[in-house]
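Take a look at the structures below.
Look for chain A in each of the two complexes below; its partner is chain B in the first and chain C in the second.
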Partner chain A sequence: MGNFHIKTPNNIEELVSCLKEVEDKTYLLSGGTDLVIKLRKNKIYTGTMIDLSGVKEMKYIKVENDIIQIGANITFSEIIENKYISQHCTCLKEAAQRVGSTQIRNMATIGGNISNAAPCADSITALMALGAKIKGINSNGEVWVRELDEVVLGAEKNKLAPDEVITEINVPLLGGGYKSSFGKIGSRTAVTIAKLNMAVVIKYNEIDGVIEDVTVALGALAPKAFISNTVGKVLLSEKPSNELLVNFKNALIQEVDIAIKGRASHPYKRIAITGLAEDVYNCLFKVMEIGGGN
Partner chain B sequence: MQLQFTINGEQITVDVNPRARLLDILRDKLGLTGAKEGCGEGECGACTIIMDGLAVNSCLIFAHQARGKEIITIESLEKDGELDQLQKAFIDSGAVQCGYCTPGMLMSCKALLMRNPKPTETEIRTAIEGNLCRCTGYIKIVNAVNSVVTNK
Partner chain C sequence: MNKELKYVGKSIPIHDAKEKVTGKIKYVGDIRLAGMLYGKLLLSDVPHGKIIKIDTSKAEVLPGVVKVYTHLNTPATLYNSHKWTSGLKVVKDERMFTDHVRFVGDRVAVVVAKDRATAEEAVGLIEVEYEKLPVLVDPQEALKETSIKIHGGSNIISNREFKCGNPEDIFQSADFVVEDCVQTQKIHHAAMETHVCLASTEANGLITIWTPCQVVYQVQLITSEALQIPLSKIRVIKASMGGSFGGKGQPILEPICAFLSKETGAPVKLLMDRTESIIGTRTRNATIGKVKTAVSRDGEILARDIDVLVDAGAYFTNGEAVTIALGKKAFRLYRINHQSYQGKAVYTNSPIGGACRGYGSPQIHAITEIHMDNVARKIGMDPVEFRLKNLIHPFDDDLIGGPNLGNARAIDCVEKGKEAFGWKKRFNSPKQLGRYVRGVGMACGVHGNGYYGAYQDFITMDLRMTEDGELFLKSGIHDLGCGTVTTIKQIVAEVWDINVDKITALEGDTLVSPYDSAGTQASRVTFVCGECARITAELLKEKFLNYAAEIFNTHVENVEIENEKIWCKDDVNKQYSYSKMVLEIRKRFKDDSSLKYTYAAKANPAVYTANFVEVEVDTLTGLTKVLDVLAVHDIGKAINPGFVEGQVQGSIQMGIGFALTEEIMIDQQGKIKGDAFSKYHIINAPDMPPVKVVLVEEGEEHGPFGAKSVGEVATIAIAPAIVNAINHALDVNITSLPVTPEKIVEALNNK
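Our next item is the complex of A and B:
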């Protein structure tokens, strides 16, 4: 049996001093729902684990300067129950609801999900569509802020330096007229890893009936989630209609063709994404009672 | 390492391997074998226990994550030889068949009722979406929880 050490910082100051001693075999533990499996599967018996869960300064959701600040230790259950997220970030709430099961959502954290950087991570797709930024700290106590895309490398790797940790997720408060939706396809409804996921944020002008701004993020199609400008352009400046839904689906099929042509999952995903498109589109426009997708 | 937490109302200190999971400690150190290991990766829910009022998979938690927490396991539901009404409802509704999923299923339902004594059927189904049962088809389990809710 090897030697395993646990460090349990209780505040940011203690966390920073733990980060000063980071080595090759140092693991950051947040909720643990991925790390427990990873350490067991890879038969890792030696090293140091820094348990972030005791750092109280990383456990809050608040709104300041038109930014929703989400502490990295916030669990998916806490995201689902939060009023600011419900009001302003529907797609993030919907993504959180589709993560794992009740038991996993009670432990798994948003900071952990981002650091783990799985291609199918539900929260990353939603946060990318929302234009989230990531705030963190390093072993010198220096605070940094980066784009989400700069933090996630993909394929279960992040771009954080070994002595860096995510402390907060910043989601800009979108103004009036903005709304969002998230959709996911997996092999079953719960406890499922996304085969495809998508988050769409739009600004809809109710007077003119025109989509004035749009961001489409796609997950599980590439090593990491990405924003599709091609699909976004199809929706931009358009009015919701049956024809628009068809164009939206066709643009998504083209995106799947480019992303994974030749892969075993390609024939399935190019059809499946049209169903996902319909779900997300209907969620966005049904509530507005203009009958866009039906 | 020394670990302190409350288990079924009793504060304890145990010496644990830093890499042990909470499930390992419950079963091997404390002899609380109600929580089962099924898949070992959070898919089946047979290891479900309640930590600080929330249902969690004890196979996905390192033991040290339980420091200072309040843990409730299936063993605490029975009081003085009397089964909890949820356990009785499971028996009455035929919600226990092979029994392997039952402790986890009961703890998921118990956690739900502790937070929400009058859940809807959708809320019951969401609470047990992380618990697999290959015998009952789930209907009898949902009926059992519903019978507790309507009897209140």
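Our next item is the complex of A and C:
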């Protein structure tokens, strides 16, 4: 029978010393909801496992210097229940709510979800729209900060060096007027993997009713989530209206056409994304009258 | 039988509810015997090929591995796991481990090791070299003589026809002829417990098999055939079961597990994970059904022709039996004087077909009931009225010579459902505009009550009153989790007027259970086994009363039995407890208060259902939400209404998956998509609609207290009802299951 050597660092210092001994068959265990399945599937029975879950410096959500700092060991359930996230990162909360099942959300961590880098990962789409940065550490104890896009390679691969670990997710605290929303389409209501997901962050000027800033992130259309500038441009400097919703949908259809034309899923996704667009759009603008002009 | 029923008709909890909810029950997966070894299968990842070389040496040297078995060191005996009784003629094409893999999931090898993890690791070390063969997955391609031969001969394994009247002539002159082609997919049974088996060999050569199975005598028979050892050397014990739905009907692991135990001399447990259970056991057969109906202007069905192609998968099993069962059902729902059915079954390089709740009924009803709505649309008739005009009537004959339909209450089901659902109003309410649209749909279904008229259908029961006044029933019944044990106890309790808790009803154990000809199959258990329990209890009571009459020195008419007491009407002082009477009978007559009786089924009436549903479809994402379900059942008499409702609720859940999400998808290369629950989506709680169950209890002559079956019929009308509701909502004619969001969006695009 194979054997795993399990290392259980209790703090960053111990984690760094574990990282110094990283080898080919070293695995970083966080919530384990993806890793355990992969180990079984790939029949991996030996190696070293660094269990991150005991590292106490990775378990918090706090706001410092206009940044929401989310420890990598924070679970999706904790994200859902957190007041800062609720207040400032609606789309991340909504994404967390749609991840897996209650059991998965209680175990799975945000750091793990990013490292796992699945094309349909709900949290990555939301974090991308929010402009999140990833903070980590390596075996020399050097702390690094990178764009999310630089960490996620996609198709279930990340760009981390073997001796690097994500320790924290930094989400800029967006100022007044910002709001966000996340939507997802799977094959059933709950416990479903996204066929499409989308997160939109906007800055909306309540006084003149104009969208002053916008970021649209799309997931499950490419090896990894991406920000669509073309769709963003359609919304930027515009006032919510039925016409704007139509333009938003059309821009999304074009984006789908570019991303997956020729694939079996293309005819469906180019229509389905317009449903997703309505959901997200209605969430963002539900408090205001939609009807073009005053 | 005008006496008010005391035990029958009551919702008593299932006999092992407490053990189940407290987690104390021992499933086979929980049992550990001293020195037990663990087996792990290697299933083929190649859809079609010959094994040229198989190298097990690396696996064999892994510490903890006891032995590796392949086609080279296991019996080459061919068997057919569908064979549940000795006389049955079957085509044998399956063996324990093959040298010619025919689908992704075929059995290539098994590792036996000291623990599960080692066995799993060792499986990964087996190297198999294949000569890959062309892959055949399209059943229509399999019909062609030029197609690659999966088993050497023709891929067409069955070709059956049934006919009444002269449909050909009628089609010539009919007002309207409507045609459809409906496709149904392969699905997984999705029992919570995956396939598992435990076998242990004693020094005298007796192999004991613990298995969550549906037919202990079938497991014994197949194991005997596969291992070529006498039946007497095999004892099969039906273990606690975590669901079957037909999936555990055919023995799959049992002969292998018995062989491994025999060879190693140790107890061996063989357990499948979910993926193995999905691809490597049995599936609901996929079908392609072409149906054509001639109908008059006022909605009378004049003639119908049905042509069904059944995808049996890579091995024969019950491919022919399903093709027959499916066809026969088409003649038992509507009065159609001129009708023909042609059914063909073919081999393909895909997971094996087998029994699956409804045994062909969900497929034939998807085909005909979706089509019925299309016919109704074509002639501008309300689909409910169209059905009412054509449904069979009580005691109609089966026009192809099957058993009489019995007290067939199909019309009552539809009438009751129509009112309770508010069909007229909901069907005719104006369609909403906008993204979300609603529609209603309904469908009917028919199923059977055992094998009478087709195969041997009898069971023996052995009932004994113990000296402490309790009843002890030995028989080969199997509780699949739906309450068979309690149902049987309620029937016996009613006859004897004894508390249900004072009855012990054992489940199947080939060493101690009297013989049963067919196990838990064909919706026979309540109707046939239940009737046997009732008669056995009556006969034992008669014997008991006769002895009591002599003891009380009176005529038997003067002996009363009630509430666990027996007394003489002439003399109130002569009152005995059951216990005292048993002892008295022993003393006076040197006899045991027991009786053994064999009951052979005397009828096979039909049971009916009508399901009404409302759906809401998101026209942009194509997602369908089932909002409301009403299921009406012609049950004869519900022995335990709680169990009946449970069966219906579960059936609806299974049927929604069949209608909307579930599919073991096989691509053109024979690769299987949806081989795990992350991709194979059953309907879970958030998507489960409220289900209202209405029972029609009009009694059935040969059923115990009038009871008929429910477990299978409950799952056959829901899928076509949902499809009809979607077609009603969207004004389209989707005829391919499952109706995925992709198909809905496509249908709307083509509108």
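Here is the rule we go by: the second predicted complex is superposed on the first by the 287 of 294 C-alpha atoms of A that agree within 3 Å, B and C clash if a C-alpha of one lies under 4 Å from a C-alpha of the other, contacts with A are read in each partner's own complex, and residues count from 1 in each chain.
One rule holds in what follows: a residue touches a chain if its C-beta (ideal position, glycine included) is under 8 Å from a C-beta of that chain, and two chains touch if they have at least 3 such contacts.
Every value quoted in this text rests on a predicted model; they were computed, and no experiment measured them.
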{"item": "Touched partner set for A:Ile104, first chain B, second chain C, both or neither", "value": "first"}
{"item": "Which superposed partner A:Ile6 touches (first chain B, second chain C, both, neither)", "value": "first"}
{"item": "Which of chain B and chain C A:Ile185 touches, first, second, both or neither", "value": "second"}
{"item": "Partner chain(s) touched by A:Tyr45 [first = chain B, second = chain C, both, neither]", "value": "both"}
{"item": "Which superposed partner A:Trp144 touches (first chain B, second chain C, both, neither)", "value": "neither"}
{"item": "First (chain B), second (chain C), both or neither touched by A:Ser77", "value": "first"}
{"item": "Touched partner set for A:Tyr268, first chain B, second chain C, both or neither", "value": "second"}
{"item": "Which superposed partner A:Ser53 touches (first chain B, second chain C, both, neither)", "value": "first"}
{"item": "Which of chain B and chain C A:Tyr27 touches, first, second, both or neither", "value": "neither"}
{"item": "Interface residues of chain A shared between complexes with chain B and chain C", "value": "1, 40, 45, 189-191"}
{"item": "Footprint of chain A on chain B - complex, ascending", "value": "1, 17-19, 21, 40-43, 45, 48, 54-57, 59-62, 64-65, 67, 108, 111, 126-131"}
{"item": "Residues on chain A engaged by chain B in the complex (per definition of touch)", "value": "1, 4-6, 8, 29, 32-33, 36-37, 39-40, 45, 49, 51, 53, 77, 100-104, 106-107, 189-191"}
{"item": "Residues on chain C engaged by chain A in the complex (per definition of touch)", "value": "63-64, 115, 117-118, 120-121, 123-124, 435, 618, 620-623, 625, 661, 678-679, 681, 683-687, 740-742, 745-746, 748-749"}
{"item": "Contact footprint of chain C on chain A as seen in their complex", "value": "1-2, 40, 43, 45, 185, 187-193, 265, 267-268, 271-272, 274-276, 278"}
